[in-house]
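In the two complexes below, chain A is the common chain; its partner is chain B in one and chain C in the other.
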Partner chain A sequence: MSERLDGRLARLLAALMAFALLGAACGGSDDGDAAPADEETAAEESEGDAAEEEVAEAGDEAEGDVDTEIEEETGDRVSGGELAVGLEAELPGMRPWEDTCASACYNIFITIYDKLMESTETGQYEPWLLESIEPNEDFTQWVGTLRSGITFHNGVELTAQSLVDMFAIQQTGSQSQSQIAASNLATVDATGDLEVTYGLSQPNSAFPAYLSRAQLGMVFEPGAAADPDAFNAAPVGTGPFAFESRDLDNETIVVRNADYWGTDANGTQLPYLDKISFRPIPDEGTRLDATLSGTTQVAHTLRQNTIRDARTERDGGAEITLFEFQGSNVGGGMFNVLVPPFDDVRVRKALVHLTPQDQVIEALGGTGISLPGSQWFSPDSPWYSEAAAAAWPQFDFEAGKALLEEYVNDPERSDGKAVGEKIEYELSCPPDPTLIAAMQVGFEVATSTELVDINLTNYDQQTHINYALGAENGFVGSHGAHCWRFSDDNDPSVTINPAFAPPTAEIAEAAGIPDVVSPLNFANYFDGDVFQAAVGATRTDNFEERKALYEAINLKLAEDVPLWYSGYTATALITDASVQGLVSWELPSGTLGQGMPNAEGRWHQVWIG
Partner chain B sequence: MSDPTLISPLADVGVPTAAAALDAAPSRSRFAWFTDMPRLVKVSAVWLMLVVFGAIYAKLDESVFGGALPLQDPNLQTNNFDVNTGEFGTGEPLEGISFNHWLGTDAIARDTFSRLVHGAWVSLIVAGVSAAFGVIIGGFIGSLVGYIRGRLETVAMAVIDVILAFPALVLLLALVSVFEVRSLGLISFVIGVLSIPAYTRVARANSLAISNREFVLAAQAIGTRRRQILFREIIPNVLPTLLAYAMVAAAFVVVVEGSLSFLGLSVQLPQSTWGNMINQARRDIKANIAQVLWPSLALTLTVLALNQVGDYFQRRSAVRQSSL
Partner chain C sequence: MARVLGIRLLRLVATLFAVTFLSFLMTSLLPGDPAVAVLGVEGIQNEELLLEVREELGLNEPLPVRYANWLGRAVTGDLGESYINRGVPVAQTIQERIPVTAQLAVMAIVIAILLAIPLGVLGAYKESRWPDTFSSAFAQVALSVPNFITGIFLIWLFSVTLRWLPASNWTRLSDGVWGNFKTAIMPATALAMTQMAIFSRLVRSDMIATLQENFVLAAKAKGLTDRFILLRHALRPSSLSLMTILGINFGALLGGTVVIETLFAIPGLGFRLINAISQRDIMVIQGITVFIAVVYVVVNTLVDLLYAVVDPRIRRS
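Now for the complex of A and B:
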């Protein structure tokens, strides 16, 4: 990672970032591509033809995974109506700069706040609230121009100064601080009424990606935010819906913003819906049942087994549509490569050879839904590398056992045990039934070699994160093998750079980059070539160049295996058959958007058909 | 209890004791203790015996016979790689009831019946150890302070009150989460130690009442030593109540262990417990509700049975005490 992190502040920021990643790391937040629903399909669904509803996914189910194609929807769009959306969790708060925002939160935030940039179906970034943005030659300065005539819900006009004032608040926000550090953002200046200049401390060609997420990209009214508590109770943005009320743990209601700036391709005022009620329903089964019974019209899920259950209901005649999305977020785990025996690549590679991915995915409830992971990008990602996929070690019991035997019989074995003595390590996952099932699959095969003893542990999610963070011993941690999640559908630099920068001051010093330390490198894996490739990818905006660099990183990961993968995580918005427009939303330029990655709907272009 | 001298030294001077009176009753079947039970209590006792038998059978199969007895390996994933054949098994996860899998299979294709029977061992041990700790240590402390009284009683009961002031489950969670490796012995020990205060209170209350009974006063009057009175008069008469309470308390402990397992804080995986079976199966409740149902049913029936049998013995104990 290219940002300069030094001393306690850097560690604090990193720790904060770690907590921000908490939801994504272990909480089942997933990304993916979008599921299509073309005009014909929509019409068929509205007729309630359950047999035809399968087409709505437009996925190649023969291969068993979710469909991620995005197609334009050209049916008649209808203004008006209300939706009730069941979400997996309540929001911690309504402030983008301060409150952790995972998938459930994005569904609400996106109705209230517009983002400066937005991702397209090809994973690129285009202006949303900005009209344009251009970098200088070395990507250390980005000049953006806001759309004119936009007002916040409280009537205040949006100007470049609003973004400058926002930055002052973001610099103090627990969520925004870490993103400011990660993006290299140093200054925000109003260089015109609507022109804003972002100054970076280091080049970052992926900076627009940061303007597409809540922490730096969602625009809030800085005047109202001066009183954070009042703002939390009545948030103000420029989004397609205005906040109406919030009954904690029960319901958050947003209503149509009649003055919204956006229109559809036909010039119709957006949003289409009059009102959306978001209801936190933590239990997966109850959330799905609520939609099946008509209590809600949409169920949000990040769980494969819920998708499986919803598919079963649909196939049984339930009039629902599954807007599925399989992104780059991949489950699996990491080895702490600074701790024996995982400091030896033979052990790491052996255990990857001994992990039956298909069985693990089955245990996760993802058979026919999730594809086996081999790198940080799903096969649907433009960054996906066939070479890296081919290089990833496959299940091979004999090869795995041979590597373990080699290590166990090595007089110089790193764990200090006697020759022939079993390897011992801890495999830890949060106490989620899905992960508990999956961890026992690998356990069964590895222990059948009779060369390893594994201590299976389950810590609550917060403890799990802290354990991996290992702040108490210079961010090395004492963990062995840890369940974890990697990657998302943002620009690759957002997750790759912090994950492979020097994990400790000593390693950074040895690598000649003493100011670059990332406690977010949970596996403590550092390789100079990987690091340089990651940094290099933020110095160019040439897609092919960047893709080649990320391919090199994934090839090296396949060789050194500091991580293991289970499957890419499918997510879905399960809707009543009348809900339309989730996959076909467009950017102001007319480009198709990214669909609903990570089960994050864009509700401004949703209508009830 | 068949020796009347254990009930009262008054027997030595020719005064008939309650136990002697009971023994003097017309001779009855040696199974009268069972046949006299109400029908519901009988059914409960049979269920408990089945659970105990299953638990012991499973343990013997695992520890003594090396899996040779007719019970499937509770941890065998029938769809996973089989090192003996070098191939993946053909078992199915979340299978329904079949000849091969009497109660179906779980999410990773393990035999649910086998896991249920092995899970009974955990419940049995935890309940047994907890009862043993409670009856032996709690019973002794309670009987002692209830009889001796004075400063010792004040201090002991103050300590007990402090421990009881903490919500038991919260205290247990805090203690258990300290340990990284959680063996059955450790879990049983921790629950056992935390059981002591409740037993102490029950024992003390009974001890206080018994200390003022005529046969104790008589024993004191004839100069019997306090230690003898404690062990010959107080404790033997506290014991029936305590054992009856132990049955009811065991039901609570089984639920507590189930809760710990459900939260992933009981014994190490992959060892099965009813609680962790429920936890692991709840994800697939829509796909196969039976996998949640079986361990829940076992837990519920065992708790109900313990309560029924415990209540029955408490009633008998109360009758016996009133006759003293």
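Now for the complex of A and C:
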């Protein structure tokens, strides 16, 4: 406990200092981190007899020294009971089409709204509220059939027309609009009472992935949503729990939907729990203490420091369980390849060679928790490529120094400096104490070559994002090297396609694709082959073909290094020992679900044992 | 008295104007685009959407125009709407949170006074002897330890170890007095410690001075008990400084609950302010800042006026 107290004090002091900076210098800070990398593994895997209730999962340990958690859920599933869940943040709003929804929010949304599709343990997508979905030959049309007899919490029946009416609202939503564009969705038509036809402007074999996301996939009652403010105060979905009340910044309560359509493998109606109270507790230490003290039964965390603290408590005898998940979200950073000297691959590769990844992970507090990153996918992902992992430049001081010397002594060097003059650049991260420590590691090694001068800067999350976005200069951004996070556990196309599309109109024009510009290409890296591979992966639904294309992309990234990686992101739901069912939930087909990626629980099959 | 009141009111208006202008200027100059915060990183798929949101939020207007628009509405009580929790008026946000923060501040002040007066009186009465040394040392420690550290310690002791009190969140008074007390007592105590130290030092030094006064010597000569003299004769004149500092500190507490509310996840003004800053919710930042400033200035004005009422010398001057 005293170790953990020390850690908490240090973090609080750092947060206070950061807060003071914000006020004093308008350069500010908060404890957010758009960039850092906290990592973990808890790949839960079931041997998968779907009829069997007790699931012993988490078979495969990812390689490396990560202490992979193996959870077992045993005992009879019990209906009834209440849970209090501590979340890291309050959600901005209750409207999936309008409000940003990160991990904390998702935990609440998933109780109120069913999704049309859901991801499985192997990263595939299966129908959830839909009963089936089929594409046409070129993936420009998808015909789905809804389950019958489903009603919203206000008693309104769910039909295909509901989805059409939802689409009209989604087209105006600040969150849904971007997903409509990204998925190529153009039309939604009711072609039967329960049959809906999605028309796409471009082929997209990964379209079902978008129907598993909040912005397009979560089903809300369009009639109620006609008044967005009223809906925000009393949201209506078809989910396993119905909204009861919300006390902003304090508590959101959902209660069992007695008419829910879902049942478990034994035919018992879901959900098991009567009520869940979600409480935003921003301080990591307090959130864990709340669970240790019985104030809450679950603590949600995206921080490896908290995972380490929770492990310490558990090993010290606390009766808690860690449901850990090492996702594909990978920490690291990006070089702005439109800005010298990062327009030269020698500099980028040199700096990756000069980054001792293990030491960086240690500085981030991730040793034994976070696996080293080498690509867009974690070793637990079905998309992971051994070849890409082998190709990623490893720490090699001499090789890095040699590349820097080559650049520095090149009369044609891109930064316009004189031959022999040191390279100068800015490395910027949010003011998280662990990130600052990690920056120092890179700084020490790189500057020891005596070939670079690095200006380390820290900005709060919003400023950090703004600098990377660079809306004021045509989305080029003013940054040089910038901490960031990449990828997630959705279909790869969801994050890869916008990240490697042309970043500016000029580049798009030159590439002959003037209509495709993506502000989300933060590194400003564009390569025709990468772009074509990313597009190609949305033209086929053959897994092996798609995997080969994503492998090619990751191999190219290892060659051109517009990004660097620290480690994969560990997340966890820390529960008291009675909470069961977070890893063993199943889809209607009996297929095992994805567990709790990004600390997002599926609460409909959780029970208190 | 009317003249004093008039001058105070004029000063109040000038101060509020300066506060609103400066806070509007500072929050508007914060780097980070509220439109980006509204959309989230994933939402920024194209420039048009970003421009649309900026237009919707009125962010394309020049700063003076935005301030004038805001001020025009603010004087009628309309502090605008949250950028992030769309449709929620800032005034409503403040109104919902005042009871929480005010309760914490009041409880903290009460706890601080209840501890500070005995400690201060004891220190003065036993000046330079061990009880004085003890009370001074206790006050020194309380003053030196930041309130969030006290908070962490309290959570560890009363929640994790003893399991007597909830570690976080808030039970509203309407949901039960005992439940409310259980969620309020630790954060209020954490807030109270620094105040207690300041108050006890003030009471001690004022009372030491008071105890040298002739009327105290006269009371002693009349054979009154020490306890009677301390509590009936010496305490009241020794409380003038305490009263002034109470006013100042109450205002400061309203704005100073930020860290404690965040630590204990209490839905007060401070917690909302922190969220608003991280989300670049400028209307909420502005609204809460102005509200705290208004309370601070009004409370201090009232204390000044009360001071004049209590002490005829000040009134006459």
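FYI, the second predicted complex is superposed on the first by the 534 of 609 C-alpha atoms of A that agree within 3 Å, B and C clash if a C-alpha of one lies under 4 Å from a C-alpha of the other, contacts with A are read in each partner's own complex, and residues count from 1 in each chain.
We take it that contacts are C-beta pairs under 8 Å (C-beta built on N, C-alpha and C of every residue); 3 or more make two chains touch, one makes a residue touch a chain.
Not measured: the values here are computed from a predicted model.
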Touched partner set for A:S448, first chain B, second chain C, both or neither: first
First, second, both or neither for A:G285, with chain B first and chain C second: both
Which superposed partner A:P433 touches (first chain B, second chain C, both, neither): first
Partner chain in contact with A:V255 - chain B first, chain C second, else both or neither: neither
Touched chain A residues, chain B compared with chain C: C
Partner chain in contact with A:L146 - chain B first, chain C second, else both or neither: neither
First, second, both or neither for A:A577, with chain B first and chain C second: neither
Set intersection of chain A contacts, chain C complex versus chain B complex: 285
Chain A residues within the chain C interface of the complex: 1, 5, 8-9, 12, 16, 19, 22, 26-28, 30, 32, 34, 86, 89-90, 92-93, 98-100, 102, 174-175, 177-179, 181-182, 228-229, 232, 247-251, 279-283, 285-287, 289-290, 292-296, 459-463, 465-467, 469, 471, 475, 498, 517-520
Chain A to chain B touching residues, read off their complex: 284-285, 288, 305, 308-309, 312, 356, 359, 362-363, 365, 395, 397, 426, 431, 433-434, 436-437, 439-441, 443-445, 448-449, 455-458
Partner chain A, residues of chain C touching it in the complex: 26, 29-33, 36-47, 49-50, 53, 84-88, 93, 96, 146, 148-149, 152-153, 155-156, 159-160, 163, 166-170, 172, 258-259, 262-267, 271-272, 274-275, 277-280
Chain B residues touching chain A - in the complex, by the definition given at the top: 75, 77, 79-81, 83, 86, 88, 93, 106-108, 180-181, 263-265, 268-270, 276, 279-287
